[in-house]
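Same chain, two partners: subunit A is paired with subunit B first, then with subunit C.
Up next, the complex of A and B:
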C-alpha cells in the first residue's frame, strides 16, 4: 500500500470549426436612427460570451465604442444563417462574418458623413469614440449620431452591411487522401501531477499546468475564464464523468444528478494557465477558437501521469479506481493482499 | 389537490399565497410569487442552484415544502441589490468573472451570503465547505471561491 506520484504531459492540435460540406456563418449589421449598431446573428450565446465578443468585433470594425453595439442572437428561424455554436467555431466564423458586415456598414456611414462634410469618403476616419473626422484635420468632424440622423431622415440611406463567411468544403485528394479539414488550429499543452493510491485506485490531481495558443485573445478576462473552467472540466472528463460507465452496456449508467459524478469545489487541483497569442491569418483580428480545446489536453496528461505513477495504461474514460485496480491486477503489480477478492 | 394558505416575507416584503399542499418552496417562489432569481436545476437536492435563505439558514428550495415556510423570512438573490447598487457579493462575482453561463450563480451567492452572515472572515476552507453543495459547470470553482473571499475582504474594509 502506497501513495505513488507521477507526472504526465500531453499536447493537442485543435481545429477551429469544421468544413464537412462547407462551414458558413452570416451576419447582418444596421444602424438605428441614433447611430447605435445592431448585429443580427443566429449564433447562440449559451454563456460562452458570444454577444460580448461580437459587440467588440463590430465596434472595432465600425469605429464606435462597444456599448454602442447591440447583438441579437435571438432566433434561428428569422436570423441570418449560422451553422451553429459548436466545434469552437463561434468567434472565428461569426466574427469574420460580423467584420464583413460591419465593413460594408462603415463604408455607407462614411459616404453619408462625406456628403455632410463635403469631402471624399476615402479621406474620412473614425476616432473610436463616436465621431468621424477628416484624416489629418480632426476639427472637420461629424458625430456618428448626426451621421445616422442624416442617413435616416435626409439622405434616405440605410447604414447597413451584409457579412458572409464560408470555409469551403475540402475534398480528399483521390491519390493521397490528403484534405484540409480545417484552416485554423489552436494548440495546447498540459503537464499534470497526480497521486495514485495503489490500494484503492483513487487518483488525486495535485497540479495541472496548461499553456494555450489561441491566436489573439479578443477579451483576455473571458479567455482566462474559459481556460480555467475548461481545465477543471478536463480533469472531470479524465476521472469522473460518464453516463455509460460500462459502455457499450447501459448498466449502471447514471439516471440523474445524484449518479453523475463531477468534482466539487473541494477537489480542485492547483491550476496554472498561460496564454500564448499568435494571431491566426484567417481569424477575426487574429482570433482562433479556444472553446472546446481547453478541456482536452488534461485528459491524456492525467492518463500519462497515472502511468508514470503506477505503471498502468488506462485507455478508457473515465479513469476510475476500478479500472486502475483491474489494470494493476492484470499487471501483477497490485498490492496482492489488499486488492484480491 | 388541496390548497393551503402560506404567508411569509420575501426579501422583507409580505407575501401571501395559496399553494398546493406538498408544493415546494421553489415552485411557490418561481410560479406563484414570480421570483425567478431562484433557479430550478436538478430539483432533487443535488445541484444547489435553488438555494435560498430561510430564517437565516441556507435551504434547498426544491426540497423545502412551501407550507412549512409559513411565517418565515425568506431571502433570495432577487432582493440583494438596492436599486442600481449591487450587494458586495454580486459586485465581487461580477468583477471577479465568477459567473459564466450564470445558472448556478444565484445558489452560489445565497450559499456565500449564508456563510458571510455567520462568519464574516471565512478561510478558504470555510468557503469551499459552504459551496460544496453547489455545482458549477463553467468556472472550475476557483473564481467563485476567490470572489467570495474578495467580498469578505470588502465587507471588513467597509466595517472598519
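Up next, the complex of A and C:
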C-alpha cells in the first residue's frame, strides 16, 4: 500500500472550423460620427470573449485603439448571417469576415482623409492612436474623429465595409474518404504527473504542463483563460465526468452537481501553459482555433501517467478509483507490471 | 502562461498594435460584478412556463394520452401535443443536407429514449406546470430496448429509429464513413509487431453554469422575439422556421452572453416549442431546463467505442493503422452523423502513417440523444490514439515521447484523407514539452523541424 507517482505524455492536433467547411460568416463595419466603429455580427459570445477579440481584430485592421470599437452581435435582425459559435470556428471564421469588412471601411476612411489633406490615399497611414497621417510626415495628419465628421457631413461618404468568409464545402469521396476537413490545425503536447493511491485507487494530478500551438495569440490574457480552463476540463474528463457512471446501464446518472462528479478547486493540478505561434496562412492575423483542442491532451496524458505510476491500463473513461482498483486486483498484486519511465 | 516567441519567429511579424496585446475584455467587469444580463433576466407580465411530460421508458409504444385531469389543473393555460406541431418530424442538420428527418418534436406513436418529450404544459407558474405534467396519463406498451453499441449492431436487434431502418447512420459510403489510404493489410504483413486494443467512454455532460433555455415574446407586429442562449442564432431560426412552417421573417432571435456552451446549446430543442406556445396562447413563454434536464435530457457527449490496430516496426515507425470507431448517437441523429464523419477525418491523428483504414460509425440506441460537445468526434479518439501510442512505444522499447517524434507529421506529408500537411507544429510542441518537463529526449529529435524533413 503506497502512494505511487508517474508521468505521461500525449500529443494532439485539432482542425479549425466546421468539418468539411461550408460554414459562412459575414460581418459589417461602419463608423459613427463620434469616430467609433461598430461591428455587426450574429455570432454568439459563449463567455469565451468573442466580442473582445472581434473588437481587437477590427481595431488592428482599421488602425484605431480597441476601445474605439463596439461589437453588436447575436441578433438575427441586426447582424448578417453566421453559422454559429462551435467547432473552434468563431475567431477564425468571424475574425476573417471582420478583417474583410474593416479593410473596406479603412479604405473609405483613408480616401476621405486624403481629400481633407489633399494627398493620395495610398500615402496615408494610421498611428493606431486615432489619427491618420502622411507616411514619413507625421505632422500632416487628421484625426479619425474629424475624418468621420467630414465623411458624413461634408463628403457624403459612408465609412463602412462588408466582410464575408467562406471555406467552400468539401464532399468526402465515398470509396477512399479523400476530403478536405479543415484548412488549418492547432497543436498540443501535454505532460502530466500523477500520484496514485494503490489502496484507494484515488488519483491526484500533481502537475499538468501544456504546450499549445495556436497560430497567433490575439489576446494573450484571453488565450490563457481559455487554455487553462480547457486544461481543467481535460482533467475532469479523464478522472471524473460522466452522466452514466456504469454505461451502458442507465442507472446512477447524476442529476445535479452533488451527484455529477467534477473536480473542485482543491483537485486541480498545478497548471502550466506555454504557447507557440505558427501563423495559419488563412487565419485572422494567423490565428487558429484552439478552443476545443485545449481540453484534449490532458486525458491520455493522465491515463498514461497512471500506467506509469501503478502499471495498469484503464482504457475506458472516466478513470475512476473503482476502475483502477479492479484493474490492480486483476493484475494479481498491486505492484505488478510497474514500468519505470 | 508563457509565450515562446523563438519558435517560428521567421514566419511571423510581431509588430501589431492591438493584436497580441493583453487588453482587458470589455465584459469582464460585468461578469465579475454580476451585472451582465443573461436571457432569463426578464420579468414579463403574463409569462407562461413550459414543462415537458417525458417518457419513463427507454422504448415504448404510446397507446393513448389522457390530458383531461392535467387540463383541469389550476393555472394550466394550454397543453401542446404532436398534433399542434406543424412539421413535427425534423432533424437539425437538414440545413446542411444531412438527412433523413428522424426526430419528433413531441412524440406521436412511440418514445425511443427515457426522457423523450411527449406533451408540453403551459401554465401560469412553474409549480402549476410541474403539477399538471404529473397528471398527464400516458398508456405505454413497453418495447425491448437496445442500450449499447454492441446490442444495437447485433443481428436481430430491435430497430431503434424507423426513419433510418437500421441501427446505424447510412452514409453515401455505406454503414460507416470510410478512409482508405495505402494498403493496410500489406502494412500489417510487413510489421514487426501488431497491437490491437479497444477503448471506450461514457457520455459526458457539458455542465454549463446557465442551463439551456429561452423566453419568447409575441410582438404586436405579429413577429416573435426569442431571447435564447443558443450557440447558433440562424441555425435556431432556420430550424424553427421549418418545424413551425413559419416564415423566417416572423422570427427574431436575440442572444447575448451565454453562460457556458461547450456544444450543448447547438441543438435546437427549446425554441421551436416555446415559440409555438407563444403563438397559440398569445402570451410570453419561458422554457428553461432544470439542472436535472440539463444533465439527463439535453444531449451529452456521445459514448464511444474504438478499436485500434497498429503495425509497428522495431525502429518505431508505424506502418499501418486500422481504426473502427463507433459513436453512440442515442435515439436520434442530431449532430452525431457529423461527429462520426469528423472522427473519420481525424484519424490516424497527427502522425504520418503510410497505410490507413478507417471506418467510423454512427450507431442508434435507446438512449438520450448525444450531440455536439467540445471536440466531439476527436476528444475520445485522441484519448484512444494517445494511450495506444504509449503502449506501442513500450512494445518496441522506446521512450513514449521519442516514439512520437519518429512518427510526427511534417509539412508536405500526405494525410490519410489525401490532403498534404501544412502548418504542422507537433514537433515543436513536443520539443518544448521535453524542455519544460525535463523529459530527456535524444538530441536528434530536438533538431527536428515540422517545416522540413532532415537529410
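We take it that the second predicted complex is superposed on the first by the 317 of 341 C-alpha atoms of A that agree within 3 Å, B and C clash if a C-alpha of one lies under 4 Å from a C-alpha of the other, contacts with A are read in each partner's own complex, and residues count from 1 in each chain.
Here, contacts are C-beta pairs under 8 Å (C-beta built on N, C-alpha and C of every residue); 3 or more make two chains touch, one makes a residue touch a chain.
Given the structure is predicted, the values throughout are model-derived calculations rather than measurements.
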{"item": "Which superposed partner A:46 touches (first subunit B, second subunit C, both, neither)", "value": "both"}
{"item": "First, second, both or neither for A:224, with subunit B first and subunit C second", "value": "both"}
{"item": "First, second, both or neither for A:15, with subunit B first and subunit C second", "value": "second"}
{"item": "Touched partner set for A:119, first subunit B, second subunit C, both or neither", "value": "neither"}
{"item": "Dominant contact partner of subunit A by residue count, subunit C or subunit B", "value": "C"}
{"item": "Touching partner for A:166 - first (subunit B), second (subunit C), both, neither", "value": "neither"}
{"item": "Contacts of A:258 with subunit B and subunit C, given as first, second, both or neither", "value": "first"}
{"item": "Which of subunit B and subunit C A:268 touches, first, second, both or neither", "value": "first"}
{"item": "Which of subunit B and subunit C A:232 touches, first, second, both or neither", "value": "first"}
{"item": "Residues of subunit A that lie at the interface with subunit B and also at the interface with subunit C", "value": "46-47, 221-222, 224, 228, 233, 256-257, 262"}
{"item": "Residues of subunit B defined as touching subunit A within the complex", "value": "41-42, 44, 46-47, 97, 100-103, 127-129, 131-132, 134-145"}
{"item": "Contact set on subunit A toward subunit C in their complex", "value": "7-15, 19-20, 22, 42-47, 49, 51-52, 55-57, 59-60, 63, 65-67, 73-77, 79, 81-86, 128, 172, 174-182, 184-185, 187-191, 209, 211-213, 215-224, 227-228, 233, 237-238, 241-245, 247-250, 253-257, 260, 262, 272-281, 285-286, 291-293, 295-297, 299-301, 303-304, 307, 313, 315-318, 339"}
{"item": "Residue numbers on subunit A that touch subunit B, as the complex places them", "value": "46-48, 221-222, 224-226, 228-233, 256-258, 262, 264-266, 268, 271"}
{"item": "Residues of subunit C touching subunit A in the complex", "value": "1-5, 7-8, 11-12, 16-27, 31, 58, 96, 114, 147-149, 151, 171-174, 177-181, 197-205, 207, 230-235, 237, 251-263, 265-266, 291-292, 295-296, 300, 303, 338, 341-342, 344-346, 349-350, 358, 365, 367-368, 372, 374-375, 377-380, 382-387, 389-391, 394, 400-401, 404, 408-409, 416-419, 422-426, 428-430, 432-433, 436-437, 439, 450"}
